[in-house]
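Same chain, two partners: chain A is paired with chain B first, then with chain C.
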Partner chain A sequence: MNQSVLTDLQALICPLVVIVLGMIVLLLDLGTGDGPARRRLIYFVSLGGLVAAALLAVANTTIPNAGVGVTPLTHFGGGMVADRFGGLFCIVLCIIAGLAITMSDRYLEEKSLNSGEYYALILFSTSGAMLMALAYDLVNIFVGLEILSVALYILSGFARRERRSEESAVKYFLLGSFASGFLLYGMALIYGAVGIALKNTGLLQPTGTSFTNLGVIARTIQESAETGGAPITASPLFIAGVALLIVGLAFKAAIVPFHSYAPDVYEGAPTPVTAFMSAAAKVGAFAALIRVFGILLPADNASIAQAAVPFHAVLWGLAAATIVVGNVLAIRQTNIKRMLAYSSIAHAGYILVGVLASSVPGASQNAKDAVIYYLFTYTFMNLGAFAMVIWLGRDGGEYTSIADYAGLAKQQPLAAAAMAVFMLSLAGIPPAAGFLAKLYVFTSAVQAGLTGLAVLALVVSVIGVYYYLNIIVAMYFRDPVNDFSSVRAGGARAAALLSAAATLLFGFIPAGVFSPTIQRDQPTAQPILGAAEKSPLPPAVAVVSPQP
Partner chain B sequence: MLFLLFGGSALVTGITMVLFPNPVRSALFLVLNLFCVAVLYLLLNAYFLATVQVIVYAGAIMVLFLFVIMLLNLGTPDRSLDKLRWQQPAAVGIAVVLAALFGAVIYQSVPAGPPASAMMVEAPTLYAPRAEPNPMLTNQISDPNQLRAITPDTMGTVTGIGQSLYNPGEAWLFPFEATSILLLIAVIGSVVLAKRRLPGEDASAAGEREGGTG
Partner chain C sequence: MNPVAESAAVAAGANPLLPVHGAVPLSWYLILSAMLFMIGVVGVLVKRNPIVIFMSIELMLNAVNLSFIAFGRYLGNVGGQMFAIFVMAVAAAEVAVGLGILISIFRSRENINVDEINVMKG
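Let's look at the complex of A and B:
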């Protein structure tokens, strides 16, 4: 028994390290010295711990993954799974948290905010998103989501002397908990549908596993389709549950009908928090979306895929609406944080295209890798852009209007160049990594037969070029209105330059564990992500007794 | 029958709780609501859960709630602040449509209408009886999947809940432990957000804040 617990803990080492790190940071804040020395200690301990966590996650991604016909290696009673997919998401989350912490040091000092709780909350929030990516049970997904979002609610109100920060926290909290309610209700309906299906087919559930386990659900779907009669995917209860699940997760990812909180929250929250949540919440939500929809709407079985058709239409509509609304509304923004908020909505739309493609047989593998690669590059370009805002701010204030950045290139050529890299990358213009990310996602969409959606996304993303280039034009071709001659050094600059370098680097060398190209080099790695759908139930979890 | 009675009153008290503008009355209706839910737990054979619901939620937490409300002397909130008046009827309309949709879905899916009382009797049979002796008791645990703690005997009792919550072979240990992180976050949050003025905060900014929230 102890042996198995140790294996379980080892598999989840990355989120566990991050959680423990958060607790250590809290204790350090209590126990050690005072003033700047303590701040620096906490800062470097958090960063060092995140690097360690990322390295441990890298080790996890090389664990032989579940292949075709092999059951996924689940842990903690089947509730968690450690595979390459989850490991990659953990690495991306470590990078997000690392960049967000790097850019916060001077910001917190100038606003005289307490640093210990701040770093701890960022770390806890990160661990929540990691749990979502590693969860194999709807209950664990929900707990992970709550850890992620409750920490984010607090963080967005962290600058509690500012009215806008308070407003942002209250708005986010009210709407977010409402969305969590939808998610939970959806899970309850799915639980009921699975229970009824198991009872009807006479496949009674062995005690000790849950109806919310994704493996159990996948098995139920398959068996209910095989035993004839209506598959569970056609049951209204199940459909309603999945619909509510979409609502809950789409809220976190800021998909269009559920996006309206995003600009206000992003504008009001402290800028490093905005940077963090614009990436971390999306990564968590998309990881859960891909994992859940791979199971709930499996594409490899014809009779089940039939039932999934309406959901494909729904996701299609959501993706199209998100791309169009995000891009069109971003044009009119004059506040750079709001502009980036709408731009992040548009990017959520592009990612959703990839998620949709991943639910189509044949394209599934490439699409999943494309989504991970997109989130990876998005992390650098988006957090980099927010780091620029912090870097160029002064005395606790920030230049939030786009017009403020006029003439930046004359005074701070390096900063202007970095900002230009981020904008080009967000717009998807070739030398930067954002181009490759879009290319991969749209290619996988075409491969999945979603040509219409891919074309729409391409055309609308041209609109995006307008507002991104707007900033570049202001920086390079307008006369300066503000004095940028003395900008602060510190973490924000490091984060911005690091992200710019990464954005360029991954644009030129799209290699590394994240790249879809690696699949061609290592055919054995091929079934990694898709494996979970194949035969997800361990043999021990079988029929125990028929219905009396 | 009992299910309909208490389920219905849970619904009614829930709605009245939201509708009453006076926070004390809302809180009292919430107490009633929690009691009704406790009875629903009882009907599902979850004795321990029902007891805990009454003691912890309806008892301890709601008493604290009422204390806070009375200490802060909260009155009826001012409705004139509501600027988007058209939202209210629209929200009610959409809520009714949504409720009707879900009602239809659930009515359709619950198979062949076994009455609530019949469902209640059947509930334990969802958990199939085991032939072999409980591996927990005989100390012969080789495979975590063998750990099937809940039997019809222990279901709903403290033993059953404890065995399924704290057993590493069960699905519930991990979410249970993860929830402790969630509680830790909540504690940090209440300290961070509700703390009085920090040493570094200047008076003017704090004053603005007081003005904003008061």
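Let's look at the complex of A and C:
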């Protein structure tokens, strides 16, 4: 028993370290000593802890992915799962939190917002997103989502003397909890649909079986299809539940038509917070989307696949609409934070293409790797672009209009070069990592038979080149309008240069960090569970120690 | 099910978690829950005062709780009740944060009509 508890804790070491780190930061903030020295201590303790958490998560990346064809290693009574997929998401989240904290120091000092709660909230929010990535139960997905969101509501209103920041907090809070309501209702209907299916087939075990567990749901779907009757995926309760779940998660990932909050919230929130939430909320939501769709809409069984067809069509439409709307609306933005907000909507659309491909068995593994690779590069290029905005500001302000950046290359060549790298990468132009990320995602989409969507995404992404290059043109070919001679140094600069280096590195050495497996042979469609284990519903507890 | 009928059913040896004859059927609970949820959704979309919008959101969450508890009781499964308790705990955290945000915005503007919270557009 003790042994298994230890194994459980070991598997979830990354989020646990981050949560404890948040508590330590809060305690340090209470400590004695003068303000600036204490803040600096908190700053470095947070960064060091995140590095440690990321290194600890590396151990999990060797465990095979849960999902189609593989019985997952579950922990905590089947509620959490530790696998390669979750481990990589934890590492991405550590990087996001680390970069966001790194770029915050001078900005917070100048706005006199520098307090320990800021760092603790970022850490708690990160741990929520990690829990979403490791959750194997709808309850845990919901709790992780709320830990992520509630901390983000506070963070977006953190500059509480500024009207824009307050406004962004109110909008995010009201729309976010509205979306949580839909997500929850979806979970309730899925719970009921699965329970009723089990009750009708006589396989119901009244206690000890959690109908919100993704393993139990997967087996119920499989068995309901095998018993010959209508599969549970065709029942109205289940369909309504999945639809509502899509709405809730699509809101968090800012997918059209649930994106309307994003530009306002991103513009109003303090810039480091915008950088953090544009990446962390998306990573958490996409982790949950991939995990849930792999289970709820498996396409490897003819009768189940039949029922999943409408959802694939809906996701197809959402991805297409997100790519088109994000790119088209980004063109007319003059505020760089709003432009990046629309650009992040467009990127959510590209990632959704990969998510859709990941629910097709033959392409599942490739698509998952492609999505994770995309999120890695998106993290660096997007947080890097926001770090540039902070770096080039001064005296508590920042230049948010795109026209303000005219002539930057003449005064700050290094900064202009870094910004150019981010813009080229976001546009998907070869030397930078954004190109490979798009290549992997679109290739996996073609493998999954989504050729039409991949072509559409490619064509529309050309529009993106226009507004990204617009900034490069302003920086290099226009006369200066602002004096950039005394820009803010410190963390933002370090974060921006680090991100630019990583963006280029990922672009030149695509397989350097972990190998995106574009040529790897995939097993063809397999049943969700191995044929050997079709016992009627023991709880999905398979505690095996993770491979070191 | 009223307490008298319940205790009678328990005395007769029935599983107290499963519905007995004459109990309110599951579908009624689900219809009530769906109606409450829709009232909440309409409230969010129609009302202009953020406090009232927030109350509508709470109504949505409680409609979901009703569904969870009705399903849990019908299925004789504790998962539904447990989920409802999680929802309540999370809703309490959201109330604390949400009211804090609303107080902070009211202090600076003396007005919390959502139509006037519009510095940013486009």
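As a convention for this text, the second predicted complex is superposed on the first by the 501 of 548 C-alpha atoms of A that agree within 3 Å, B and C clash if a C-alpha of one lies under 4 Å from a C-alpha of the other, contacts with A are read in each partner's own complex, and residues count from 1 in each chain.
Methods note: a contact is a pair of C-beta atoms (placed from the backbone, for glycine too) under 8 Å apart; a residue touches a chain by one contact, two chains touch by 3 or more.
Since the model is a prediction, treat every value here as computed from it, not as a measurement.
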item: Touched partner set for A:F158, first chain B, second chain C, both or neither; value: first
item: First (chain B), second (chain C), both or neither touched by A:G195; value: both
item: Partner chain in contact with A:H259 - chain B first, chain C second, else both or neither; value: neither
item: Contacts of A:G268 with chain B and chain C, given as first, second, both or neither; value: second
item: Which superposed partner A:R39 touches (first chain B, second chain C, both, neither); value: neither
item: First, second, both or neither for A:E146, with chain B first and chain C second; value: both
item: Touching partner for A:Q333 - first (chain B), second (chain C), both, neither; value: second
item: Partner chain(s) touched by A:S177 [first = chain B, second = chain C, both, neither]; value: second
item: Chain A residues touched by each partner, larger count belonging to chain B or chain C; value: B
item: First (chain B), second (chain C), both or neither touched by A:S112; value: first
item: Where chain A meets both chain C and chain B, residue numbers; value: 139, 143, 146, 150, 153-154, 157, 160-161, 163, 166, 169, 189, 192, 195-196, 199, 204, 206-207, 209-210
item: Partner chain A, residues of chain C touching it in the complex; value: 15, 17, 30, 37, 40-41, 44, 50, 53-54, 57, 60-61, 63-64, 67-68, 71, 74-80, 82-83, 86-87, 90, 93-94, 97-98, 100-102, 104-105, 108-109, 114, 117-122
item: Interfacial residue positions of chain A with respect to chain C in the complex; value: 138-139, 142-143, 146, 150, 153-154, 157, 160-161, 163-164, 166-171, 173-174, 177-178, 180-181, 184-185, 187-189, 191-192, 195-196, 198-199, 204, 206-207, 209-212, 263-264, 267-268, 333, 338
item: Residues of chain A that touch chain B when the two form their complex; value: 1, 4-5, 8, 19, 23, 26, 75-80, 112, 114, 117, 120-121, 124, 127-128, 131, 137, 139-140, 143-144, 146-147, 150-151, 153-154, 157-158, 160-163, 166, 169, 189, 192-193, 195-196, 199-200, 204-210, 213, 235-237, 239-240, 538, 540-541, 544-545, 547-548
item: Complex interface listing, chain B residues touching chain A; value: 101-102, 104-106, 108-111, 125-130, 141, 143-151, 164, 167-175, 178-179, 181-182, 184-186, 188-189, 191-193, 198, 200-201, 205-206, 208-209, 212-213
